[in-house]
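Both complexes shown next keep chain A, but they swap its partner, so chain B is in the first and chain C is in the second.
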Partner chain A sequence: MRKLCISKILYNMGKFALRVFALSVLVFLISRLAPGDPLYAYYGERVEKMSVADQEQARERLGLHEPLFTQYARWLQAAFHGDFGISYQYKTDVKEVIAARIGNTLVLGGLGFLLIFVFALGLGLFCAWREDRTADRIICRIGTVTSCVPEFWLSLLFLLVFAVWLDWLPGSGAYSVGEEGNVADRAAHLILPLAVVVLGHLWYYAFQVRNRLLEEVRADYVLLARMKGLSGRQVLFRHCLRGALPSYLSMMAVALPHILGGTYVVETVFSYPGIGTLAYESARYQDYNILMVVSLLTGTLVIFCNLLAGIVSGRIDPRMRIQNGAGGGEVRNF
Partner chain B sequence: MKKRFPFFSLSVLTAIVVSCLACSAIMTKNPLYMDLAHCNEAPGKEFLFGTDAMGRDIFSMIWYGGRISLTIGFLATLFSTILAVFAGSVSGCAPARIDGVLMGMTELFLSVPGLLLTVFLQAVFVRTNVYSLSVVIGLTGWMSMAKVVRTEVMQLKNMDYVLAARCLGGGFFHVLIRHLAPNFFPSVLFMAVMNVRNAIVAEATLSFMGLGLPVEEVSWGSMLSLSENAFLSGSWWIILIPGAFLTGTLLCLTNLGNYMRGSANKRHSNLGRQGILKIKKR
Partner chain C sequence: MDLLEVENLSVSFYRPEGEIEAVKNVSFSLGEGEILAVMGETGCGKSVLCKSILKLLPDIAKIKTGHIIVRGEDIIGYSEKQMRKLRGSLFSMVFQNPMTALNPCMSVGEQIVEAVRLRQPGLSGRERQQRASELMYLVGLSHPEERAKQYPFQLSGGMAQRCVIAIALAAQPLVLFADEATTALDVTVQAQILDLFLELRKKTGMSIVLVTHNPGVAARTADRVALMKDGELTGIGDVEEIFEEIMHQQNFI
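Up next is the complex of A and B:
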């Protein structure tokens, strides 16, 4: 029994390592095949003034002249030592650039995830409880509309209304100049991006909860519970919710990286100094070292969460197979 | 809840598509002409939806750009559907080992966030145009559909008629097109409609961020990329009007897709009074 457990853990760890390795190869290959010249990103306009010999020398110093395989091996070796190279654009260690911003993204994405987690469950429960009544129908209509609005346009809309027209909330950055430590100021800057993140994802998950509960409500044990004399609401909260919870938990485990990664566009529109804005800038300036690390970070998180969701749902309910992404109408998280 | 056919959505969508296709008949101005004397003009008699920061007529650009947005949505979906059907059915028919490798690749593609994957792939094409962007968006959108196709094919491939067709010497493509495809067509159709939606969103987001089509190439997304100027000059029409068209199209597509997904629960809930009545009837 114990042996089985250990082999299972080893199996999952191996799977995880293999996937991360494949991911790193993919990311590395694409980044090196891309035509933009990293030399240009590092030296900017000065490249044009350099002589050919100087360019060759610079290339050699940055290790850009070797064959792809050697470059990958060197990169991997360095990565194991925690060295991901320097950012061509910022001219400093990639780790430093990312470390300075990752906190902001985690706050935005983490808070967004928590809010979505709570609200989706609540909204789904409410809709399932009032199935086909007016309240449910209205919420479903509004939900469908909100899930259709592209995130970037919702951000623009909020900016236009709350920051430009009404001037209630600040529209860009994570804090006002010189107010770095001021929590209230940071919170005010967080409201609009957070609202967009939550609104953009909420209905997709709430609708899944609702549908899952509606299936649950049609099971025969509900009839039994009703005959015992429990009210509809009691059955829903005590029995049906418990039946739907495992699949909700595994769904949200898969959702975590999506929501964290889904903040990218929002961050860019609100010029919120996080990983998303960084990725966007790096993409524009062809700073591939940063893009690679950002992709690796998010990709690893996705792989980890998927594995976790599979294990969790298998633990709680062996019948359940995680069908990640097979749900169909999922919104692509940009 | 009984599903009604979404007549309204379909007619709005048809209206938008037809007017975009026939844009030359509707446009009142040349959408590419930069009328520098009339920059940032509010909607009025001459410029029905106003003009943008470069003096282009938004009313004309909506139809002209809509054609490009819709084309990308359609082309990208076509591309990703072919890819997904192929990958999914090969993986569903192949022995377990090849299936494992293919599904591993699918997982791999799914684990890179969509935006970053698109940006990376985008970089491989030197020059961005409508076709390259469609290919890139298509390449990032086939994974979940491939999974659905694979599940369906796995169920179908052991059916007697498929076996019979293969015994009679039918090749892979023959079986796929004649016997498998008609069976998984309905579930693919729903996902294809959703993919059109996703592709349009992806194009708009990329062009808006300046990573897709350039500003000169008019699409709903690239029209919105001028929004920063619009904030400064307070010209709301530059932001609201293209976005409203974009969202409206997406909403119609979603309603259509949801209708195609098939009917929802038809049984009565056991929670309410009907549940109790049902017991009494028994």
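Up next is the complex of A and C:
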């Protein structure tokens, strides 16, 4: 039994490593084959004043003259030793550039994810409970509208209303100048981008919960549960929720990187110094080393969360759990 | 006085296409400890009749007229809250497909214990388990303790139906509605379940309304038979009487 578990873990880890490797090859090739000159990232406008010989020399120094395969092998070898190269744009270690910003994105995306996770479940439950009543209908209409409005437009609208016209909240950055350690100030800067992130995603997940629950409510077992003397609400919470929860959890596990990475547009509009703005800039200026690490981070998260989703739903749903041999009553059917 | 009297009950479904009369002016009565088979072809309104007595109809269905009198009290105007009390205690129901009637995500033990808890809120956790085991034993499930940990998909159809019956019995009902309770099971299991009904009636003294389209089931188990056709009750009487009549008309199934 134990041996089985270890081999299973090894198998999953191997699969994980293979996927990350394939991802790194893909991202490497795509970024290098895209048109554009990475020297621009390094030297900016000065490139145009450099002679061809100077440009060649610079390329050689940055290791950009070698064949793609050699470049990749070099990158991989260095990466194994924890060296991801330097950022052409910032001229410092990639890790430093990313470390300075990843916290901001984790706070924005992480908080956004938590809020979406809780509110989507609550809203979905409420709508399923009040199916086709006035409250449910109104929420469905509003939800459809909010989830269809593009994030950048909603961001601009919020900026205009709350930052410019009303002047209630700051509209850009993660903190005011000189207030880096001030939690209240950071929180105030977080409200608008967070609101956009949550509003942009919330209804999609809430609607899934609602529909999944309505499927459960129509199942036969609900009649038996009502027969026991449970009210409609009790049946929803005690019986239907249990049936809908595994698929919700696995859906949210897959959604985690989507929401974390989906802050790109919002970060850009609000000039929020996170990974999103960094990724955008690095792709624009061919800052290969940054792009590699940012893409790999996001990709690894996606792969990891997909694995997690499989494990989570397998543990919760008894039908999957017991078939995987993890327990349950061992009674023969006679 | 009879346990349950239904007088001139009419039920309609209101759909966009128009009104559909599912039950028309049905009257019958049920004595204590009696087994009444409601027999008729598929779609004649047998199930709707049961569900309207229990008020478990979908929202589009309405009881138009009639009285449902339980021990002298008319329950036709009962609110959902009052009905809930009746469902958990006076009435209970067993459904056609045992594999879908049980919640697939809960162990059968949990589902039986839940029914026990709703009927007897005063019991401690241990007593509830005890009572659930008794019920499982009563319906003929061996090894109740281990069985309770199993999930519906691990059970055969017959065992799942026994679990559903155990849940129904947890309510200690006066009337058990068995809506095509044996239709989804194979013939030998059908016979076992019908024997179980007879045995349970003897032990608990409850009445059973047995909805079926199978004359064999009705003849084997019931004291009286009610015939339904197109929502109307076309005849009611002792098994021999009704089958005699059917032999003459040859109009069943």
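As a convention for this text, the second predicted complex is superposed on the first by the 317 of 334 C-alpha atoms of A that agree within 3 Å, B and C clash if a C-alpha of one lies under 4 Å from a C-alpha of the other, contacts with A are read in each partner's own complex, and residues count from 1 in each chain.
Just so we're on the same page, a contact is a pair of C-beta atoms (placed from the backbone, for glycine too) under 8 Å apart; a residue touches a chain by one contact, two chains touch by 3 or more.
Owing to the predicted nature of the structure, the values given are computational and were not obtained by experimental measurement.
Participant: In the superposed arrangement, does A:243 touch chain B (first), chain C (second), both or neither?
Facilitator: A:243 sits against chain C, while chain B stays out of touch.
Participant: So, A:223: does it touch chain B (first), chain C (second), both, or neither?
Facilitator: both
Participant: Where does A:283 make contact in the superposed view: on chain B (first), on chain C (second), on both, or on neither?
Facilitator: The answer is first: A:283 touches chain B but not chain C.
Participant: If we overlay the two complexes on their shared chain A, which of chain B and chain C does A:58 touch? Say first, second, both or neither.
Facilitator: Neither partner.
Participant: After superposition on the shared chain, which partner residues are touched by A:50: those of chain B (first), chain C (second), both, or neither?
Facilitator: In the superposition, A:50 touches no partner, neither chain B nor chain C.
Participant: Using the touch criterion from the header, give the chain among chain B and chain C with more contacted residues in chain A.
Facilitator: Larger number of chain A residues touched: B.
Participant: Can you pull the chain A residues that chain B and chain C both touch?
Facilitator: After superposing on chain A, chain A residues 219-220, 223, 226-227, 328-331, 333-334 contact both chain B and chain C.
Participant: Over in the complex, which chain C residues touch chain A? Could you list them?
Facilitator: Result: residues 54, 56, 80-81, 84-85, 87-89, 91-93, 95, 97, 100-107, 114-115, 118-119, 142-143, 146-151, 153-156, 159, 164, 167-168, 170-171 of chain C touch chain A.
Participant: So in the complex, the part of chain A that touches chain B is made up of which residues?
Facilitator: Against chain B, chain A makes touches at 19, 22-23, 26-27, 30-31, 33-36, 129, 131-132, 144-145, 147-153, 156-157, 159-160, 164, 211, 214-215, 217-220, 222-223, 226-227, 232, 235-236, 240, 257, 261, 264-265, 268, 279-280, 283-284, 286, 291, 294-295, 298-299, 302-303, 306, 323-334.
Participant: Could you pull out which chain B residues touch chain A in their complex?
Facilitator: 1, 104, 107-108, 110-117, 119-121, 123-124, 126, 140-141, 143-144, 147-148, 151, 187, 190-191, 194, 197-198, 201-202, 204-205, 208-211, 224, 227, 231, 234, 236, 239-240, 243, 246-247, 250-251, 254-255, 257-258, 261, 264-265, 267-272, 275-276, 278-279
Participant: Can you tell me which positions in chain A touch chain C when the two form their complex?
Facilitator: My answer: residues 219-221, 223-231, 238-239, 242-243, 317-319, 322, 328-331, 333-334.
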